[in-house]
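The following blocks contain the structures, represented as structure tokens.
Below are two complexes that have chain A in common, paired first with chain B and then with chain C.
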Partner chain A sequence: MTLGAIKKEHLGQLVAAVGAHGGFYGPVLRDNDVCLDQVQPSDTLVLDYANFTLPPKGLFFPRSEVIATHGADGMVETPLPTGKAVLFGVRPCDAMSLTYLDKVFMEAQFADPYYRARRERTLTIALACRDPAATCFCTSVAGSPSGQGGADILAVDIGDALVLESATPAGEAFLAEYRKLLGRPSDNQVKARDAQVAQAVRKVSSIGSDGVTARLQASSESAAWEELAERCLGCGVCTFLCPTCHCFGLYDEEVGPQGRRVRAQDACVFPAFTLEASGHNPRTRQGLRMRHRVMHKFCYTAQSFGDIFCVGCGRCIVNCPANMDIRETLTEVPP
Partner chain B sequence: MHDAQTKLRETAKDLLVSAKVDLVLGFQNGSLPLRTRPCFARNAADAGRLVWNRLCTNNLAVYLPRLFEKPANVRGPWTPPKVAVVAKGCDARSIMGLVKEHQVIRENVVIIAMPCQGMISLRKAEAAGASARTSKLDGDDLVAQACLECIQPSVPGANIIIDGPSRSAASDRFQRVKDFEALTAAERWQQFVAQVSKCIRCYACRQACPNCYCKTCFIDQTKPSWAGVGDDPTDLLLFHIGRVFHQAGRCVECDACVRACPVGIDLRLFTQKLVKDVEELFGYVPGTSLEEAPPLSTYRPDDSECFITDP
Partner chain C sequence: MIEGVATNPYLTLPVTVEKITVENDARDLKTFRLAFRHKADRKGFRHECGQFAMLSAPGAGECPVGIASSPTDEEYVEFTVKRYPTGVVTSALHSLEEGDRIGVRGPYGNGFPLAAMEGMNIVIVGGGFAFTTLRATIRYLLHERSRPRFKKITAIYGARSPGELLYKEELMAWQGSPDMDMHVTVDKGDKTWTGREGFVPTVLGEVKPGAANAVALVCGPPAMLRFTMKPLLDLGFPPNHIITSLERRMSCGIGKCGRCSIGGQYVCKDGPVFTYEQIMQLSGGQF
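Let's look at the complex of A and B:
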């Protein structure tokens, strides 16, 4: 574990220094919204956001990507991304989500070369939360507003400066490489960081989701699913915005005389997700689709990967046009 | 406002207890500040949860087509439900349109007309900050653009009227469209492309829209497939052009798509442009009456063709 510190006004220098060797992705303003994007020389990093609307998964597992083209010369696979990148400013919940995606795309039976190449070239610096949102519930799902899971470095905002702590050897190497810009924190800065960490965690409310896996499992035949799903509109907001939802489809498309193979995220809340070639659809009702989404995150992944695939970011709560609230679903669905 | 809520609860309770309807579609408090959520009230206790305030934004007509569709698991005869809907002007205009398109059985719907002062825009409220949220909830400061531009806050086709203060109709709602029209074709295209390139294809705009009841949306069809699945600009544009044009003569400007879009795309500008065109070319305003035939399902020899010949 190595420590570092940087004054906020010097962050631009860090961006420039890192940017000289590869991409620097961080929180910047785009169209009046704080988003995660490649930082341009004209950008200033924004540090006071609750979280981004879109999760960071898109940087590793994009909404869609062309993985091969085919034409007269046969099939040409898209080359893997190269070069180094630094991802700065993801919230700890989102950093944690990357460890879950790793289990699916890197550690399971089949590794995904595109996902892996992007993950391996990226150093992740998570930014601890000062003011968790009212919809945050990371502490109920194995996280914390200053959790280090999934991050190489955790940065904590202490007002005029950030205090950094490495969480992996790669993080340690980064702190050493940029030691000139990332000096060692003073004792007071370390104290300020500890106080910051302690106050933030108190702001995250618990949702009482203990034993949720067993409880949900017992609820699979409950009529409550249909009642709950009655107001669900069946849009893809909760899945596409969820940092851990990872389903995708492969599609061959014609583009003039050429073809391309596209991998695109899919969403289990859509009826077409389970539509079979025969025309039969085993999930006929929205209740069955919603049940699947919740069960997948809170039961099936717990069984197959040992983790609940929800990091408590609250995106599905904030953005659902019908105000479905996963916190209620978890605590209220009766067996 | 509070009186209206009390009366609404009584009305809903009466309708349910006397079995005049099976279901009252309304609003209840949500789980977040400034949010209500749709409420499917089936008994007196449910009716007691109904609320009426300036946060009742969702267009509840979106739920009607599926309620009038025979469920897949029912075999043999089936009786469609009787449904009361807590309706603002825009919701009722949607219902009128759905009746005309044979998605809703008029006799089975009881329209409870609510007094509407304009609904709060969550985006405006968030931008204004926490203090304004409480202090400005009464005036027009935080009211959604769609409500400021509403031509018919009163409810067409009302079966039951709940009185209360309501806003008056806007006189000119097309200023933004006029500004848009004043741009060159290249500039308009650029603005359209800039907006829709933010799209993540979650289809919340479509799902929140009462008019988008197609069993399979053209964008989801696979035989043939009309567009690719990815974020290739051609495919994004195709979805949006398809969606917007399918709203010609049908969009009631309720803003449901705009509210649902998680990435804040200015969908209203484009649908409103078509609303304006249809109004000017065919003299038709969707949802205002049950009798007038929609322009796209009728033909008159003197119908305008300028949108084909002179785009």
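Let's look at the complex of A and C:
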């Protein structure tokens, strides 16, 4: 574990220094919204946000991408990204989500080359939360507003400066490489960081999700799923904004003389997702689809990977047009 | 894993359609014999009975299809495809001609646990066009290198009508083979049909294959599967010795895209072959 510190006014220098060697992705204003995007020379980093509208998964698993073109004698892979990238400013919940996606996309037997290339070139600097939103519940799902999971470095905002702490050897190497810009924090700065970390965790509300996996398992035949689903519009916004949802489809398109293969995010809450050519659909009703989505996150991944695939970011709560709330779903579905 | 493209599981191997066989009177079932355009690809494509692959028709997309040829058919791979009017890929595949180029990706899934079944009696029960991977299995079991490793082989296969039976020449040969006990049935015969009439579950109850030291491999439409479980259980087959194969819509075929997820398992990766015992846990016995 190595520590570092940087005054906020010097962050631009860090961006420039890193940017000279690769891409620097950080919180910048785009259309009046704080977004994670590649930082341009004209940009200033923005540090006062609860979280981004979009989760970081799109940087590694884009909404849509051409993965190959059809050549005369087989398929030609789209070139994979090279060079290093730094991802700065993801919240700890979102950094954690990347470790879950890793388990799906980087498992040994069939690693996803596109996701892997982007992940392996990226160093992640998570920014601890000062003021968690009312919809945040990371502490109920194995997270924390200053959790280090998925981060190479955790940065904590202490007002005029950030205190950094490495969480991986790659993070340690980064702190060493940019030591001139990232000096060592004073004792007072470390104290301020510890106080900041302690106060933030108290602001996250608990949703009483203990034993949720077993409870949901027992509820799989409950009529409550159908009742809940009566409110669901099936729009899929919860899945597209969820940092861990990773359903997708592969599509072949004919474009000019050469076709191409596209991979695009998809969602299990859409009826056509499981519709077969024969007309058979194993999940015909919204209740079945909603149950599947919730069970996948809170039961199936717990069984197959040992982790609940929810990081408590609250995006699905904030953005649901029907005001559905996963916290209520988890506590109200009776066995 | 596939040689050559081992690093990218989403890319297809180029193959040529070598031979197309129209299997049924309705002409909506065709068997495609595919030849790999690169020799190394054929070497890398080592499948087991019960596995499937993704077939892609240019511009139309991909769909999962069970492999109908045996691993012992070393020169080619075969797939029998049912065309659905609403099926984009199956329709495109059915419009192919011999010599056309398509793509194949795989093999995927777990396959039938044939190694664990050595020294046992094998009971094969198939219905309709779900017979494809069972055909691969019979071809494998009857091969001179594999036959000595298995005891008695009993097979029951049925279709709606005589014209809907798949692999008619092989069925004839198997019915006359001393190496297996083959029962072919149709729901309803026609003027020329001299064989057995009756539904597959009924015929199974009449043939009464013994359950001692035996495993049953069952593939068919969901209704047939439902009605076949009871006679098998009545004959004494324990649920973990009844083995079947599930079908779901798939996109990636490698346990990532989420489409074929059922009760926490991926049909593409954890299946498609499951025991009846597993299916009761996964979906309460729904096929």
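Operating definition for what follows: the second predicted complex is superposed on the first by the 330 of 335 C-alpha atoms of A that agree within 3 Å, B and C clash if a C-alpha of one lies under 4 Å from a C-alpha of the other, contacts with A are read in each partner's own complex, and residues count from 1 in each chain.
Here is the rule we go by: a contact is a pair of C-beta atoms (placed from the backbone, for glycine too) under 8 Å apart; a residue touches a chain by one contact, two chains touch by 3 or more.
All values derive from a computational prediction rather than experimental measurement.
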Which of chain B and chain C A:296 touches, first, second, both or neither: second
First (chain B), second (chain C), both or neither touched by A:262: first
First (chain B), second (chain C), both or neither touched by A:74: second
Which superposed partner A:253 touches (first chain B, second chain C, both, neither): both
Partner chain(s) touched by A:285 [first = chain B, second = chain C, both, neither]: first
Contacts of A:113 with chain B and chain C, given as first, second, both or neither: second
Partner chain(s) touched by A:105 [first = chain B, second = chain C, both, neither]: second
First, second, both or neither for A:318, with chain B first and chain C second: first
Touching both chain C and chain B, counted on chain A across the two superposed complexes: 249, 251, 253
Touching residues on chain A, where the partner in the complex is chain C: 67-68, 70, 73-75, 77, 104-105, 107, 109-113, 246-254, 259, 261, 263, 266, 268, 273-279, 282, 292, 295-296, 299-300, 303-304
Chain A-touching residues of chain C, taken from the complex the two chains share: 7-14, 37-38, 56, 58-63, 84, 86-90, 103, 247-249, 251-252, 254-259, 261-264
Chain B - residues contacting chain A, complex: 30-33, 35-38, 40, 58, 62-63, 71-73, 198, 200-204, 206-208, 216, 220, 225, 228-232, 256, 259-260, 262-264
Residues of chain A that touch chain B when the two form their complex: 31, 33, 53-54, 62-66, 134-135, 227, 230-231, 233-237, 240-241, 249, 251, 253, 255, 262, 264, 267, 270, 272, 284-285, 317-319, 321-323, 325, 327-328
